[in-house]
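Naming follows writing order (A, B, C and D), and every chain is counted from residue 1.
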Amino acid sequence: MSDDRKPLVISAPAPRTLDLVFSDEARRALHVGYRIVEADAEDIAGLPDDVLREARYIIGQPPLSEDTLARLKSLRCVLNVESNLFNNMPYETLFQRGIHVVTTGQVFAEPVAELGLAMALNLARGIVEADADFRAGKELWGGDGNRSARLISGAEIGIIGFGDLGRALNRVLAGFRARIRVFDPWLPPSILIDNNVEPASLDTVLQNSDFVFVVASVTTENQGFLGADAFASMRKGAAFILLSRAGVVDFDALIAAVASGHIVAASDVFPEEPLPLDHPVRRQAGFLLSAHRAGALDSAFKKMGDMVLEDMALMDRNLPPMRCKRAERETVARMRSKPVTVN
Amino acid sequence: MSDDRKPLVISAPAPRTLDLVFSDEARRALHVGYRIVEADAEDIAGLPDDVLREARYIIGQPPLSEDTLARLKSLRCVLNVESNLFNNMPYETLFQRGIHVVTTGQVFAEPVAELGLAMALNLARGIVEADADFRAGKELWGGDGNRSARLISGAEIGIIGFGDLGRALNRVLAGFRARIRVFDPWLPPSILIDNNVEPASLDTVLQNSDFVFVVASVTTENQGFLGADAFASMRKGAAFILLSRAGVVDFDALIAAVASGHIVAASDVFPEEPLPLDHPVRRQAGFLLSAHRAGALDSAFKKMGDMVLEDMALMDRNLPPMRCKRAERETVARMRSKPVTVN
Amino acid sequence: MSDDRKPLVISAPAPRTLDLVFSDEARRALHVGYRIVEADAEDIAGLPDDVLREARYIIGQPPLSEDTLARLKSLRCVLNVESNLFNNMPYETLFQRGIHVVTTGQVFAEPVAELGLAMALNLARGIVEADADFRAGKELWGGDGNRSARLISGAEIGIIGFGDLGRALNRVLAGFRARIRVFDPWLPPSILIDNNVEPASLDTVLQNSDFVFVVASVTTENQGFLGADAFASMRKGAAFILLSRAGVVDFDALIAAVASGHIVAASDVFPEEPLPLDHPVRRQAGFLLSAHRAGALDSAFKKMGDMVLEDMALMDRNLPPMRCKRAERETVARMRSKPVTVN
Amino acid sequence: MSDDRKPLVISAPAPRTLDLVFSDEARRALHVGYRIVEADAEDIAGLPDDVLREARYIIGQPPLSEDTLARLKSLRCVLNVESNLFNNMPYETLFQRGIHVVTTGQVFAEPVAELGLAMALNLARGIVEADADFRAGKELWGGDGNRSARLISGAEIGIIGFGDLGRALNRVLAGFRARIRVFDPWLPPSILIDNNVEPASLDTVLQNSDFVFVVASVTTENQGFLGADAFASMRKGAAFILLSRAGVVDFDALIAAVASGHIVAASDVFPEEPLPLDHPVRRQAGFLLSAHRAGALDSAFKKMGDMVLEDMALMDRNLPPMRCKRAERETVARMRSKPVTVN
């Protein structure tokens, strides 16, 4: 294709980079199929008029004013590779014009689900402590070391939130013959049933699970919705595994619930990241710690570029994007995740 | 049923106990359906003639001489609840007479599979080290902490041995979309294909796997069959997870392969158990340690009694046992597991 | 809830009726939760101003002018229970205003998939002919009657179109260990891979399948796209099963291909419905006939009402509909199904 | 291998032939690996002494006397490729000597399961009648033609007998989200649970199923065990599908139950085969007829040879056969299937 016939793409993926989110092969395909204008995310308005007029796609989620958006006459889609949605562009105008806003956060679902299952298995079998004891010459052999060990097979599992993460978690649990209940107020019950999980209220999930996985996004409505009462309502000895955002729990109450011996916990996310060195969770026994590492695998980032290419190919043919997740007019303003600062 | 009409069972489950292998409910059912004669496993010959003459089942695997066996005129089955088969009874005579010898080791399959998967996930994501670093204030956040992290989803997996443990492992891996190759010289390839795994040679399994699980029993023929050459043939950075018996590997060579940085490893079994305090594996980085805890869960032991009851119920009706695993005339003499000393 | 606080729903489901698409229980829930105004689909404009102003939902797809739509100030969603989309309302205005247009055709997926599988099994095993021969005393016993019989297990299957029908078909085929290739130009390949099917070109699907299922919608672009060349490219003896709309095939060419003995076929849809009594397909051997009965089960219709209730409940909470299928701005004008005249 | 070192096999597969049960490739492998002595099944005793002395395997199930068996000093296995077990050899002596008797009937499981599912779908959707009506110009369109149509998805299914056939049936039903209850008195409940079906009594299965599949073998104990009472206890309109042997039902009572309109039925097996031309079932509406064609596919027969080769390869290495099904000492004398006369 002669270069000036190629669709034009504005690249502003900060804090990601094109190199992070595209494999070498995908990067080549991107350049073969599109004209790429690398832009400063903070100054999209400063791009030449003809670039703005012709741009079909934006990779990234740079701040956009109504004026700039008005100049983006050919825009079909903002492809957000950060995966959180910020309130930095006039979404209503975008939706009116039929411009899609899509996110690629689905790439994290599989790695997060695997770490979540790993955390559950670790809590169930005391692997970290057993390894440390073995190295210290204090190990207990066989059944003596299994006094509090239990299985996921046949257990009752609760999942809070059934978006991409919840579904991936359900998938890696497929071989365990567990009973899985899900609380997700944004989904109709029949969709949960179609996915072979049981719709349940939050209370039911908390009270009847041996393992509770939290994979719900933070919204304007659910900040800190899991607090002291929630933890107290859980089964004695149950495991609470936090994978999405610290904002949905009262973190101090969670630490207290673990400290009291009522539950055990694992978390990949924290109220502040990085976390102060003197934060008490660092010394809490029964609390498995992971420094926001659940999703951030290079192989995951590289899938973002593949998703972007697949959806641009559909939109080039005047078809709707099917691979990335579309922001919803009703909910985009409710999302409240913090931006990432580290990839 | 009037007591003297009930079938007679000789109970000699040492080193287990009836209380370990039967739940309260199963224990009651046992006594409702059978006359139980508790015996010293080392002196079955010392039991009264009428007990030996009437005994339909033996729970346990006490030493039996040809003479004693000849006195056991009604014997239908030896129900071994230790799960290893010792060479302490005249198997050939048992088989000639059509007396079954069955084992209940299948109860360990699920817990061992879960721990095996947990070990693989731990090695893949560095969970033990990450938790320790976090506690020490040295954690790396996000992608910085994931330099060597990888997924099981989409990985190539090798399983050595496809008995109950291998099948359970395959089951808990069901949700991971992994490619699974199996080496098992005692099974025809088509049975592996029926189980949705690929039959492969040992070399192929070792050379093409990101994770190798060893769940093969020790036999007279395979002692130490996984040595320095095997580990060298593995992929750089691959994980070797030993779950069955230490006897199948050259353990020193395994430690050396991990020490060299070529592979990482996890093991639940060791050349000596308990292991001397100065054994070098206790200090080996990249080697996850578990003190023969994979199977020994109370919930697993309790299933043994259920299996015993189900199969005795079938045999009471002159049907063959279907729940426990039958010893095979061809292979019973080849098995070389050490007896357990700790439950 | 006092009646005048309930959201207002305009009911205009023709050619369906509320009684067809709602079970008794769902019908009660509808009336408990909503004020229902039954309207003549051909005269929505004739409804009182306050009804139009307050109406939150329309059940049905009545013709709507720009003027009428302008009067529908509170409208959130048109819930189409016919399942085909007609070009009878200003979709672009609807989309600009963020009014959803959703369809409930998903209810037909399961019954259509079951009939499709039944047709494939019938063609593979000659069940209709065998039953007729048996009644006529001409049956062939055992292998003698199986000269052309074959299995679906292990066969190569092609599916054209991977919307709700294609996915349901893939689901009922889950137990057959078949190799399934899918052609769907509106979906990115990775979504097909996520569904455990192989993305393939149309030619590859036609040339390499033992069974071809057509479940693609008719669009402005694909009318009659399966013609003589397509059938000629199929394997000798392969089965062609048409489940979506007759418009996607050259029906005369299909009959000719069956008449020539090259392929066998089954169809649930026809160029005219009802079909003239003298239509040649009625006499064609090797062609299994079904009078548009694949989806139209009462149990399917009743699910429409459940879907409508679930999505209205979400939209009442200012959440997007998740159960029904949303019309897409890019493709709504391309759909070309004929309306149903018989439920 | 020099020819006289190869293990010797006596071939007496009547009424099958080696050509029927071995593919060309398998036939070649057989001759490469073994010395084959083709024998008259009725005169094994007439074979030369050295042949009998050296024969390691017999393919077929020729009559064997104690004397002949005594001369078969190297015999390891009788590989029965007919799949029914006749009472024509001294089984007890075979078992005492550790000589396996194995059958290859498993090859029929998949084709029988597919036909069984096809029959269920046919009865549920009236496919045979709909096709005939369509050809006669009497078809009813859409819902009008579906008054008695129903789905397997979500239905309650009963399976009587859970050997190879029952398991294959369960497998092809995997995609239907049905509730499956199984009655099999020869299996412990926990094995059924492991296979994701519910153990149930015969009464429960009959009374609570929309579709009942009979795949039980005939034994000395269960001849005609499904009679008028059983059919009367079924749900009105339920479907009874007979796939194993006519001997397990009271066939006249079955016809009467269908004639009364209480149930519908399908059968692949009949009290006499071939069936007299004036047998009333030939004229019974609501009864789908198949002339013992469920299993007898050429592709199935050819798998027998593959199974034989796989198990002989294991036994050549002094391992037990794992692919074919072993006759059981307890039950071999109870089996009462008629021999096949037609392949």
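Assume a residue touches a chain if its C-beta (ideal position, glycine included) is under 8 Å from a C-beta of that chain, and two chains touch if they have at least 3 such contacts.
In UniProt terms the chains read A, B, C, D = Hydroxyacid dehydrogenase.
Everything numeric in this text was worked out from a predicted model, so none of it was measured.
Here the repeat of A-B among A-C, C-D or B-D is C-D, since over half of its contact pairs match by residue number.
Distance from chain B (Hydroxyacid dehydrogenase) peaks, on a Cα-centroid basis, for C.
Chain centres here are Cα means. That of chain A (Hydroxyacid dehydrogenase) falls 34 Å from that of chain C (Hydroxyacid dehydrogenase). Computed from the mean C-alpha positions, the centre of chain C (Hydroxyacid dehydrogenase) lies at a distance of 38 Å from the centre of chain D (Hydroxyacid dehydrogenase).
Averaging Cα coordinates per chain places chain A (Hydroxyacid dehydrogenase) and chain D (Hydroxyacid dehydrogenase) 51 Å apart.
Multi-chain contact residues of chain A (Hydroxyacid dehydrogenase), defined as those touching 2 or more other chains: none present. Taken in their complex, chain B (Hydroxyacid dehydrogenase) has these residues touching chain D (Hydroxyacid dehydrogenase): 95-96, 98, 186-191, 306-307, 310-311, 313-314, 318-320, 322-323, 328-331.
Residues 110-111, 114-115, 117-119, 121-122, 124-125, 127-128, 130-135, 137, 139-146, 149-153, 171-176, 273-274, 277, 282-283, 288-293, 296-299, 301, 340, 342-343 of chain B (Hydroxyacid dehydrogenase) are the ones touching chain A (Hydroxyacid dehydrogenase) in the complex.
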